[in-house]
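The following block contains the structure, expressed as structure tokens.
Each chain gets a letter, A, B and C, in the order it is written, and its residues are counted from 1.
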Amino acid sequence: MTTGFSRLAAAAARAPVVLVASRRGNVELWANLVILTWAGVFLLWQGPGFALTVGTVFAIWAILAVSLNLVVGFTGLLSIAHIGFFGIGAYAMAILTSGTSYEELRTDAIPTFGWPFFAALPVSAVAAGLVAIAVGVVLNRFRDDIFVLVTFGFAIISYSVFLNWAELTRGAFGIHDIARPAVGDLVLDSDAEFLAFAVLCLALVSLVSWLVVSSSFGRVLLAIREDEQAAEVFGYRVARYKLVVWVISAMMAGLAGGLFSSWARFVDPYSFALLESILLVSIVIIGGLATIWGSLLGVMTFVLLEEGMRFVPFLPNESIGQARQAVLGVLLVLLMLFRPQGLVGRYRL
Amino acid sequence: MSAAARPGSAVETIAISKSFGGVTAVRDLSLSIPRGGVTSIVGPNGSGKSTLINLLSGTLSLDGGIVVIGGRGLTVVKAHDNPSRSITRTFQEIRLFDQMSALDNILVVLTERRVARALVERGRGARGERAREILERVGLWEKRRALAMDLSYGQRKLLEIGRALAMDVDTYLLDEPFAGLFPAMVEQVKAILARMRDEGRTVVFVSHNMDIVRELTDHLIVLDSGELLAHGDADDVLGRPEVIGAYLGF
Amino acid sequence: MPLPDQFTSRGDRQRTMGIMLAALLAAYVFWKVLQSPDQALQFTYNGLSVGAVYALLAMGFTVVYSTVWFFDLSYGVAAAMGAYGVFYLRSQEAVGGQYEVNNPVVNVVLGAVVAGVVAWSLHAWLYGRLRGRFGRPTLLLAGGVLAAGAGLYTVLVLAFPGEIHVLLSPVVCAVTALLAAWALRRLQRALRPRARLAPFVAAAAPVCGVAGLLCALLLAGAEGSRLYLSWVVSCLMAGAVGLALYRGLYIYMRERAHSHLVMLVASLGVLLAATAAITLVFESAPRPLPEAFGSEPWSIGGANIKGFNVFAVGVAAAGFVFLRLLLGATAFGKAARAVSDDEEVAKVVGINTTVVIAAIFFIGAVFAALAGLLSGHDTAVQPRMGLLLLVKGWIASVVGGMGSLYGAVVGGFALGLVEQFGIWDLAGEWRDLVSFVVLIVFLSFWPTGLVPRR
């Protein structure tokens, strides 16, 4: 890597090292320290069981966050629509792998195929990518505020489709009996095995993201983020670049969706509501824009907040999700006020 | 000076016009910018100088008329085709890629334009050398790691000129390259422009500073209210009464 | 921020396509109407009812947007607050008090917000004028006492919503008396411009006092007024929160923000936190509001419409007239337009921009709250409603033309009607989808909106 890449990409790659040798101010150092220590304490205190319970959630959300950061942080497109691609991946996995025998017993049967996991996973990603092409072509017409509004629209549309296209998704009742990853007789059925697989996927997605942002393509993305028109003047077909990164990011989200429905073995529309998408964007912004490490840190905060809140007195367990959302909202406001690049970000909104 | 000019025209416009919601910025403008040498565009505020540059570089769309670049007539100038027409520009209000380093600001215009190849193009290689050469030429090599937004105004101006230089094209459209610079920096920019001319490139710049215009220009274009007031050899044009009138008027 | 020319001039081809699309749509609707005029009328009524809510939202949204030029997504909070405020104050009546809520924390927080807003308002409007006559300590003390009193009073009202009509009667007394005094003064000025004031005061004061007292007594005896009082209270609460958000948060953020996306994201954070807070207090399930008047459907021309919905349309119309007069015919409106055109210049010519913008935020939030409570009465209240209403108001204001008040009204009703006619052949659940397809088509072919801002 000595040939050198853009400062941003290099920093992203060196992220763990930044922890020790940060010249970028104390906030970054402290954010890293606090969150990693927090994670460490929980791991030591609650043992590996802790990693098993939250690890998979972390990995899936981290894939989502890393992929969304490609669009929001590196390209400057504030998209709320990401949860839609996650949902498409999840539903593709559900419909393709859900057992056919179970369906035949139901009166409200939907077409399912009983495919194995590894056949369906690429389809999850590709399905999300294909939809992303169509959506991206429409979105390329809009910028700034209006872009945000239209992505809001796509998030609501996708939720509405998941909920109401009952012939395909069985609406609010959801789809059961989704396959776990299996190669021959080896089924990754236990929590530990699935966690390992999810982390592997996360590593892969992070690697691909890093390859994208540290290439010349990635540098052009930054230029597009900074000044679209100027990038165009210097010979870049901005619309194509935006579309390509959009599709790459959507495919990653589709992959996360496939993992998610396989892990939960059940999928319903409520996991893909607009509010979830807003939450996801907040996590990405809180963690830090335009760094892969920032996204990981953001999701870590998100997961640890939930675990930490179990120990808050007078807070009933069923309210934890809401309390966490409130904390994230407040954190987002504070960051926008004092640190618009997020905790460890490289891009100030 | 006009010996530097090669025959033919680098850019030509035929009856181009542009208006912004009822206000006409450029009206039926036909002019020709000779190949090679320095051409400057002058005129009072609001005479359509920047609009002309924006139209030639595809930053604004034409309302009507034809732009001829490299022998081909265009009714729609697409900004992303600028490099293939061997033309580039700077902006009046500096438009750098603010949250990128000075080095990246140069590197970004040196890289692959095709998406699929850009995705696999890594490292700097020869482009790194070229970027270094450019940054040294505008005197910003020391500042290569600083974000463009953290540079001083003059440095930003120079970096933008450097970014245009890096494009290595035949025709440069520079929108007010001298505005707001210290005398020392003015000299620096003048030297850069002179060197570009000596390399046989076509330099078109907009300026309000008549001394600089007089000093550098081979060919002068005077605009007033979006129309061509005069054009031709610099000394000749500046002596004409209608030009003097337009300037005294503002 | 205006878009660069390259991206806004979409050419004649697209305009033509847009017009053709609109013509096709019109033909479809016409055909549908010919098929069953009764149903068409029903859809029109439904569309107008929903449209009234959207129009109110869009008006408030537009007023705020055209003053500060960023999309304030926390606007949805005000809408949800309007609806939940009514639920909070009337929860013992809704569904037999099954979901009664009264949370001391909420009461204190809202009381503190009101105290803060009152303190700031007194400081902004009166402090400068009175400083010469009274000393600084006296004024601060008086202001503090007034603000604290207002806060305590709010807490009291929120803590005993069953007695809201009794608790609020002194306020109504004071407001009536002041209004009467103001009206009499105007009358006196109109009749005898140069007359001395003292005899007038001697004559008018008792009249006003009696009028106020009478109203207060009437109110205290009328238990049926509790619902309407709770509307007023929750609108004012939402307004206070809107103002507090601007003065307490956005004002600092706007000084620092280097893009308006920062504001958008921050307001998204506010929305996120507030939605969570509402869910924590009220739970996430939808709740009905108590019956308002006019829940019986009337049959007009073969289709049904509820009296309440007619009222909603009336509120939207009244809101429009109010805003039109306020922004078009008063000094405040002039100041607001100046701020909208150029805040810095407005500041230089001596307009207190902070006060103007804060008032605009107050008005915007009140409009949102009105829309929220109308929609809550029409269907039900749920924590997500703020987000959904926000998005609808946003769409309506974009469809109507960003920053244009007429556009907001037209856009709101148009969106309501299109939504209803759009689901003629589909199930009702697809309504959100229809409205977004409308938005996207609209933005693509007609980006300036129906009634562009001049």
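To be clear about the criterion, a contact is a pair of C-beta atoms (placed from the backbone, for glycine too) under 8 Å apart; a residue touches a chain by one contact, two chains touch by 3 or more.
Note that the structure is a prediction, hence the values are computed from the model and not measured.
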item	value
Leading chain pair when contacts are tallied as C-beta pairs	A-C
Farthest-lying chain, centroid of Cα atoms versus that of chain B	C
Inter-centroid spacing, chain C versus chain B (mean Cα positions, whole Å)	51
Between chain C and chain A, distance of the C-alpha-averaged centres to the nearest whole Å	36
Chain A and chain B, separation of their C-alpha mean positions in angstrom	43
Per-residue overlap in chain A, given as positions that touch at least 2 other chains	229, 348
Touching two or more other chains - residue numbers and ranges from chain B	58-59, 79
For chain C, residues contacting two or more additional chains	4, 6
Chain C-touching residues of chain A, taken from the complex the two chains share	78, 138, 141-146, 148-150, 152-154, 156-157, 160-161, 163-164, 229, 273-275, 278-279, 281-282, 285, 319, 322-333, 336-337, 340, 348-349
Residue ranges of chain A touching chain B (in the complex, touch as defined)	3-8, 212, 214-217, 219-220, 222-223, 225-227, 229-238, 240-241, 244, 346-348
Complex interface listing, chain C residues touching chain A	1, 3-4, 6-7, 70-71, 249, 252-253, 256-266, 268-277, 279-280, 284, 384, 387, 391, 394-395, 398, 427, 429-430, 432-433, 436-437, 439-440, 443-444
Touching residues (chain side chain B, partner chain A) in the complex	57-59, 79-84, 88-89, 91, 95-101, 104, 107-109, 111-113, 115, 118-125, 128, 145, 163, 167
